[in-house]
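Report on the following structure.
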């Protein structure tokens, strides 16, 4: 039976025989009941990925020592392990500019309790346009105007504020400003962006205009972890929709906005469900 | 490293703690290296499903004794276990009538080696129309004309022929004839049908005409295991495509045919990859 | 060149030669410049459908006489003609219950000006749950509690209120209450519902539970004009999304909600763009 | 009523008021009955596009003079007009290399009469691999081995052969060889290619490998008219399918092949239905 108190272990390492057995024995012997187990072997790169979730009710190891205990299992080379607990909320900060569609979409899900165990303590923007949206939902809305001169300084203030609010994950919900490398490095694999094209096509500025010019018959959206290389980070989710010659640039924008909010919401879902592992600029998503 | 000699074990039973550990230990202790493991717990029905694939090169148990050894693990109530070996081909018989699109599609994949370790020793039809297709691909094409009076007798002959050809799985590739209960019971969960609608909508005859009359904006196709209840068997794969008022019944048929062959091909793929488990008229597919 | 002042004429009648010429000549001779023309002939039923949009800047006939002038063209039997003007807003009332996802989605589009020339003077609900959403967007929120005894009376009050607010179109944005025949007849082809399944499958109550029970591999949503026959009205838009054995009923609901809001939004878009014609329980949509 | 003898007129020119009226009057006065009319105005470029289909039974102008008569209508600047007749078959040549999936798909449709009024007099290849496929369908299969030295000469022979067979349209059904500019210029907007990615992403060689490397969550296919700029021609049709981390390059190829044949088949359909107009490297498709 599933309870509200479970642990999630995410592992990636070099593959070798017996890894699944090692991990499941470890959990079983410590009186955890496995409720979900997903495993993936990348045969091309010889990499092992695992996500295992078990009940904590009778687990013999206290949560603060689980990580250490996992390390002692000597699973494999290049081991990367993360442990999460379902009763510890993930804290998101939403970064926005002027477009409200992704923001409303996330907040409506949040208010309805559809995001799972998530808290949104903060909205950050480079403009004041959406201030009233924050007010309506009772979420602090902080404006940091950015220009070339003040960017580094403003980002430092943003980071301090995020730390103060114990933010785990930054959601760029159509934040039309590039975050600097140093900002992104503060939240490795924890800054999620939505780009309004099916990457790698139409990276950079004005993708709908690029798409219109090329005369494509589909438009898309891509949610990915932000990395220092613009629009090059590991992709979490993508989707496309058909368009035709009847669609003006404005129609592409309109259709694309629907994709953007859905694709971003799915990415947030998989991320906050702790179902995403990142390796070599690729994601493994145990959906 | 993956070799060409692997075993696949499919298990379903009542869930209880430790099942994954039991199975993986069993394989590990017998010197099998797990290359794929998928597990699913149906929390609603408290059921456990597992698919595990391991290398047979150094495995200590001979293949004919593996099933027995699995039973001795005392996994859980209502245990259903199947063992397959990647080097033992699955033998398909294709049942067809007059429409050739699914038949050509399957044979083209077969000839190109895209179906994996599959053999197609036989095509069966209730009409002679597609006889030349069989000839072109060098596959025996057997005609069994069916009417109400002779149906039982003809089906007995078909079954005998299928047994003679050691057929595992029957593919109804737009076979426009209902197979009797007694036929289907000869091949439990091994008769795959393609129905030209998104079931449960438009079951029965002339689904595209029904869809046209209802004025739907999508048409679909459904591949499922045939059961004695017409169009009610466990669903393997479904897909839909958008249609509009511009589409006549003939256009629905045209667009639908593309769906039919793709959806059927995907169902055949999952089935022959031994990735499908059936329980309570539902499928678990470890794709 | 397109201006902000255009007229839209929607026509359906029995087909006969020369109809397009008659209409385009009529517009041309009265100094209208056609900016969009769509025409469809239903060859099966021998019906003619047309949507034509022209600039009103120099048009010789005053807008209040255009309908009359069209009737004098003697187009065809069973003529149904509607004339709309792009500068006259469409007034929507949103009917809701407890689920907020469609409501927020529509209001976010409305606030961003994405719905075109539309006004939303009123939200109606049978519960108080979403009252705060109306308040946040500054839109009157009227609660009409419904039970079997008071339904007729309450609906009369609702109709009076809608008339008072000059409402053209009622959007059932997950209004979990059946509107009576007499209510629907007050707004023929102007009550838009969203049903949370790919109709005609899973009509009626709890479609996601029905879908789960059947073990389908897709779930869907359908937006249609409400008619006295529950879930049987003319379909405007449908879409589906893939699901798997991993999806619980709750997951189907979660995935389905995304479809519901997108499908409903598209239906509202086509409707308010005056691109939908209804005939014989089917829609022609000049998208 | 629709007959088998109809004419299709495709027009593009600079937009101006009255064009629809001019054309429909022209047809009406010459006793043609319009059965389909589609019109599109590109407001951005101020361009007018039209496709009109009418019955030829009582039409007063002989078919060989219709083009001339259309020119006399003085429709607009930069007029491009094409006239086709439904009873005159379109003759396709299929260009292939080693992969058979698109070839079988097209030939199966052809044999079933699903391509409309189309003839396939010839298959051309740079390899002998698929010779037997041509033989099975009774279609001449001509092999032209290509290397850098002989390419120009071989292409001249191909062109001569195509002329001899009165070929209108060349279908590159996974022809893994670039056609030279001079070849393409012989068949302007009549060489259809299928590229195995969602262009403009992954143009050039080995798109599935590129897609795998980038870690995308969708793969796609694009059918376009070939132009001297590789993979840059006007797009006719595109579609995508979801993939995951479980999909190896081989899986992407397998899933992609299904897309390739469907997308190419749709492009052939729109092209042979004379529903495609090309202007400024973009297509208008009156589907």
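We just call them A, B, C and D in the order they show up, numbering each chain from 1.
Simple rule for what comes next: a contact is a pair of C-beta atoms (placed from the backbone, for glycine too) under 8 Å apart; a residue touches a chain by one contact, two chains touch by 3 or more.
This one's a predicted model, so the numbers in the text were calculated from it and none came from an experiment.
J.: Superimpose the Cα trace of chain A on the Cα trace of chain B, which carries the same sequence, then give the rotation angle to the nearest 5°.
T.: Copies differ by a rotation of 180 degrees.
J.: Is the C-beta contact count larger for A-D or for B-D?
T.: Most contacts of the two pairs: A-D.
J.: Need the CA-centroid distance for the pair chain B / chain D, whole Å please.
T.: Computed value for the inter-centroid distance: 36 Å.
J.: Per the centroid of Cα atoms for each chain, what is the distance between chain A and chain D, given in Å?
T.: Centre separation, chain A to chain D: 42 Å.
J.: Identify all positions of chain B at which a residue touches two or more other chains, and write them in rising order.
T.: Touching at least two other chains: 43, 242, 246, 287.
J.: Draw the chains as dots and join the ones that touch; what shape do you get: line, ring, star, complete or other?
T.: Basically all the chains touch each other, so complete.
J.: Hey, which residues of chain A end up touching chain D in the complex?
T.: Its residues touching chain D are 40, 42-44, 49, 198-202, 214-218, 220, 234-240, 242, 244-246, 248-249, 281-285, 287.
J.: In the complex, go through chain A and note every residue touching chain B.
T.: That would be residues 1-2, 17-18, 20-21, 24-25, 27-28, 33-39, 41, 43, 242 of chain A.
J.: Which of the residues in chain C come into contact with chain A in the complex?
T.: 99-101, 104-105, 107-109, 111-112, 114, 136, 246, 254, 257-258, 262, 265, 287
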